[in-house]
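Taking it in order: structure first as structure tokens, then the write-up.
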Amino acid sequence: MAKFITIGERLSTTAPTVNKAFLARDPEPILARAKAQLDAGATYLDVNIGPAEGYGEDLMKWAVQLLQSNFDNVPLALDTSNKAAIEAGISVYNRSKGKPIVNSADAAGRIENIDLAAANDAIVIALCNGEGIAADNDERMGYCTTLLERGLSLGLSEDDIWFDPLFVVIKGMQDKQMDVLHFIGDLTAMGLKTTGGLSNNSNGMPKHIRPIMDSAMVAMAMMMGMTSAIVNPNDLRLMETIKSCDIIRNDTLYADSYLEV
Amino acid sequence: MPFTKKLQKFNATIRTVELGTGEKAVKLGGGSTFPFYTFDGPTANPAKIGIEISDMGLENEPDCIKAFYEGCGSVAEIAKKAASFEGVDFVVLKLEGGDPNGADKPVEELVNVAKEVSEAIDLPLVVEGCKNVQKDAELLSKVAEALQGKNVLLLSAREEDYKNIAAAAGLAYDQLIGAESAVDINLAKQLNVLIKQLGVDLGKVVMNVGSAAAGYGFDYVISTMDRVRAAALGQADDSLLMPVITPVSSETWTVKEASASEEDAPGWGPVEERGIDMEVETAVACLTCGSDAVILKHPTSIATVSKMIQALS
Amino acid sequence: MALNGIAIFKLTPKKNCKECGCPTCMAFSMKVAQGAMTIDQCPHMSEDALATLSEASAPPMKTIKAGVKPFADNKNDSDKEYSLGGETVLFRHEKTFVNKTRYASTVCTCMDDAAVDARLASVSAIDYDRIGDRMYVEFVAVDCAEGTAPEKYAELVKKADAAGRSLILNVKDEACAKAAFDVCKDKKPILNAADASNYEAMSKLASDAGVVLGVSGASVDELYDTVAALEKLGNKNLILDLGTESVKSAFENAVLIRRAALKDSDRTFGYPSIVNVGKLASGDAHMQAALAALFTMKYGSIVIVEEMSYAMALPLYGLRQNLYTDPQKAPRIEPGIYPINGADENSVCLTTVDFALTYFLVSGELERSGVPCNLLISDAGGLSVLTSWAAGKFSSGSIAKYIQEFDIENKIKNRTLVIPGKVAVLKGDLESKLPGWNIVVGPTEAVQLVKFLKDMHNA
């Protein structure tokens, strides 16, 4: 097994500062957020530019080049529903530190992003859902099969399809939490890789509770074999939990200072 | 179906550490495969061999070693002779005379010996302390100061004395540091982290992760080195990506297989041959698990191991 | 190694027919991988897929049996023949290596009688005990020089057989091989003879005699093809010769073959190996020692040298013993009396625990002191001094019991017993349990033993 891969989620157009900086092509706020995430231990950075209709290609190229030139070709997840923007981003992407991640495909309207990843030798995050959230794990596994078969038939390696089981919110779907975790276990038994927007589970909880709940969730998910997650790397408790779980899973070698490296 | 040769590629490379200066400087490490797996990728720098000598001259050496240095009147002359043997890449001066429970030589005297040896040879130099934590902290710091500009390696910084030795060698006088842990893989990593936190450039650090003679608890040595190399390359663990140096002769010449006289061990054959094979086989086993450099002392052992390294590189 | 779900899924028809009871082929594959269902519950698996699956569940590397043991390796050994191969991991820290490397010395029809006699005498001479294991040269390799007459080869084989070790027949000529079998096939020799040009004939010979066939090739690819061809003939009783082209290529073959078998589940290379370092470094005994160590580490099942000497054997057998220990268990020393520096019944006694590292540390220091002494090792659970004391396994009771069980009082006349300084607390109790003994508290660290013993000796 390899070390858990954290994908930093803080470069998102949903954050007003980021949105403003994207639109104005203002490097400073973007670089500051990127640096904070990398210093905290993020492996990949997610670049969520939103739909960006009309200007997505230009914006994604700008963002990829800005981040990779400032941070030693940091590997990136290109996060948008705008396919042309993803392709534009890949066209200027440097792979020396890792393949680009296409974020994301699903088994319904966005299945063609599998094709896009296969055509560009990229990793793809494959959401195990169709139209709406799957009702149970059988349905999730059906979507997973669809996505996997499509990828394999196009020459993608199964290692480059990272399945997202779709974390669901505890306040509202408390009784489904173990299903999601068991599904990660099923995918692991299959020999497949997994990722996902983990903090969704704690949506709507008080601010001081969320890091605690997210840390518990990541520990349980890692126990089930989860290989990656899209997280806020500046959540210290969460990152310490991930580093500790990596030690327990024997994916990094223990040393007394393991939290400091 | 024909055989499909599957290669093992890692996304990490052991740091290259240069020892010594000028034409005779040697490079340790730099590999990104398991030892001698040239089919997986090219060998950056073949493993190197150091020859061990002592500030005590030939006093404590077995007869077969004494014979090679006949006529040498000083440690500097011994060093010169040692540097001339086939296959020797660097000289290792052990300052064992500093041991407070032994000869307890003063620091100044030992520093002078180190200076004399350094001036007598043009090969890179490694200086090893006397193993006494208090004495080494002062001794190795003074040696680092006296040999500035020679890019020597100081053995060893341990958990107990790394602050003094690593600070002097790595920060004040720009020398190389050997981080020593006794077959404890977690401590091996921790010591590297601690040295880095002092502000030392990790490109100046080599590791000694412990050693033993073949047959004498060597299982721990095998697994420690196998796991260090596997974690360094497989997990791209920056805190473990340093070359490994292993003192072999200091372990092998005292065990009974190598030291029992022919009267005491009838049937075992000549003691010199036993000493050589114990040294050779232990060195080869260490190299196979990940040593980037080994320290030996019998010229025949050195020539043999050197020849094998060449044959496998 | 069992296949994971995705590998099974790739073999399924992917029809999602639900006849197995699962909603999808993916779900079915997952259940098979987890052991909840078996592959035959799918009615639509192809023949090829089933064959692949059944092969995948077989062990990745065969255990091949050869030779006849002249005696047991140790007191737990009841095998009559040598087991070679059968490994499941590439590194000892993953899991215990199972079948240790065996060694061979060489005789050849090109040697004169005196040289052959001397060589065979050297084979018998190496026979000693190391921490409970009997160390000896298990095989004699009998080389057949080109152009040797069959009767001459048979004569040498017969002579070699008389040395009481198992045989490796290094021979390329069919008539010579046949002649050799007439004198030794009951001893289950290894017929190291097959290559791309002669494998059919040699395979028949080996199979008829029921012996292991050694296979070699000009390259790793040719070796692979020849093994595949032999398997097709039904011969799966093989050992792979790593070749004598160069040290580099033999080492490359050793690693590639073992890795293909264990990591990539390539069953064609799932056989033990044989390497002739006598040929790779002919005439250079020290280089042969180096290479014997190299191929013991990676991954020779049998290593052939020209002549195994004590110099070569002592470190080599120690290395092998260390390499094949259980990585999860602390190595232990057999309880007993270990005389040091020529000790006799009048020499002082010291005792410590049976944890191997403690033993080596202590016995090394005792040797360094030059003082004759008896080291008494009792069963302390393989733990260090303080740990075994805390666990009640190194106590006045256990030491007194050991003295009685091993009949120490009749074997040793000296009545001074030095105990480790760390368990000084045992002194009083021991004095009352062992009347007549002078119990002395020794140093707390092994390094202090030299001075301690010298002082005691001179006092």
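Remarks
The letters A, B and C name the chains in turn, as written, and every chain counts its residues from 1.
Throughout what follows, a residue touches a chain if its C-beta (ideal position, glycine included) is under 8 Å from a C-beta of that chain, and two chains touch if they have at least 3 such contacts.
These figures come from a predicted structure and were not determined experimentally.
Taking A-B and A-C together, the pair of chains sharing more C-beta contacts is A-C.
Averaging Cα atoms per chain gives one point for each, and the point farthest from that of subunit B is the centre of A.
One simple way to say how far apart two chains are is to compare their mean CA positions; for subunit B and subunit C this gives 29 Å. Per-chain Cα centroids separate subunit A from subunit B by 45 Å. Each chain gets one centre point, the mean of its Cα atoms, and the points for subunit A and subunit C are 48 Å apart. Residue positions of subunit B with contacts to 2 or more other chains are 227.
Residues 2-3, 251-257, 260-261 of subunit A are the ones touching subunit B in the complex. Touching subunit A in their complex are the following residues of subunit B: 185-187, 189-190, 193-194, 197, 227, 231, 235, 237-240. Listing the residues of subunit C that touch subunit B in their complex gives 91-93, 125, 130, 220-221, 224-225, 228, 246-248, 251-252, 255-256, 259-260, 263-264, 266, 268-269, 284-287, 289-294, 296-298, 309-312, 314-319, 321-323, 325, 327, 331, 342, 356-357, 360, 364, 367-368. Contact residues of subunit A toward subunit C in the complex are 138, 141-142, 144-145, 148-149, 152, 158, 186, 189-192. Residues 4-7, 9-10, 14, 16, 23-27, 29-30, 33-34 of subunit C are the ones that touch subunit A when the two sit in their complex.
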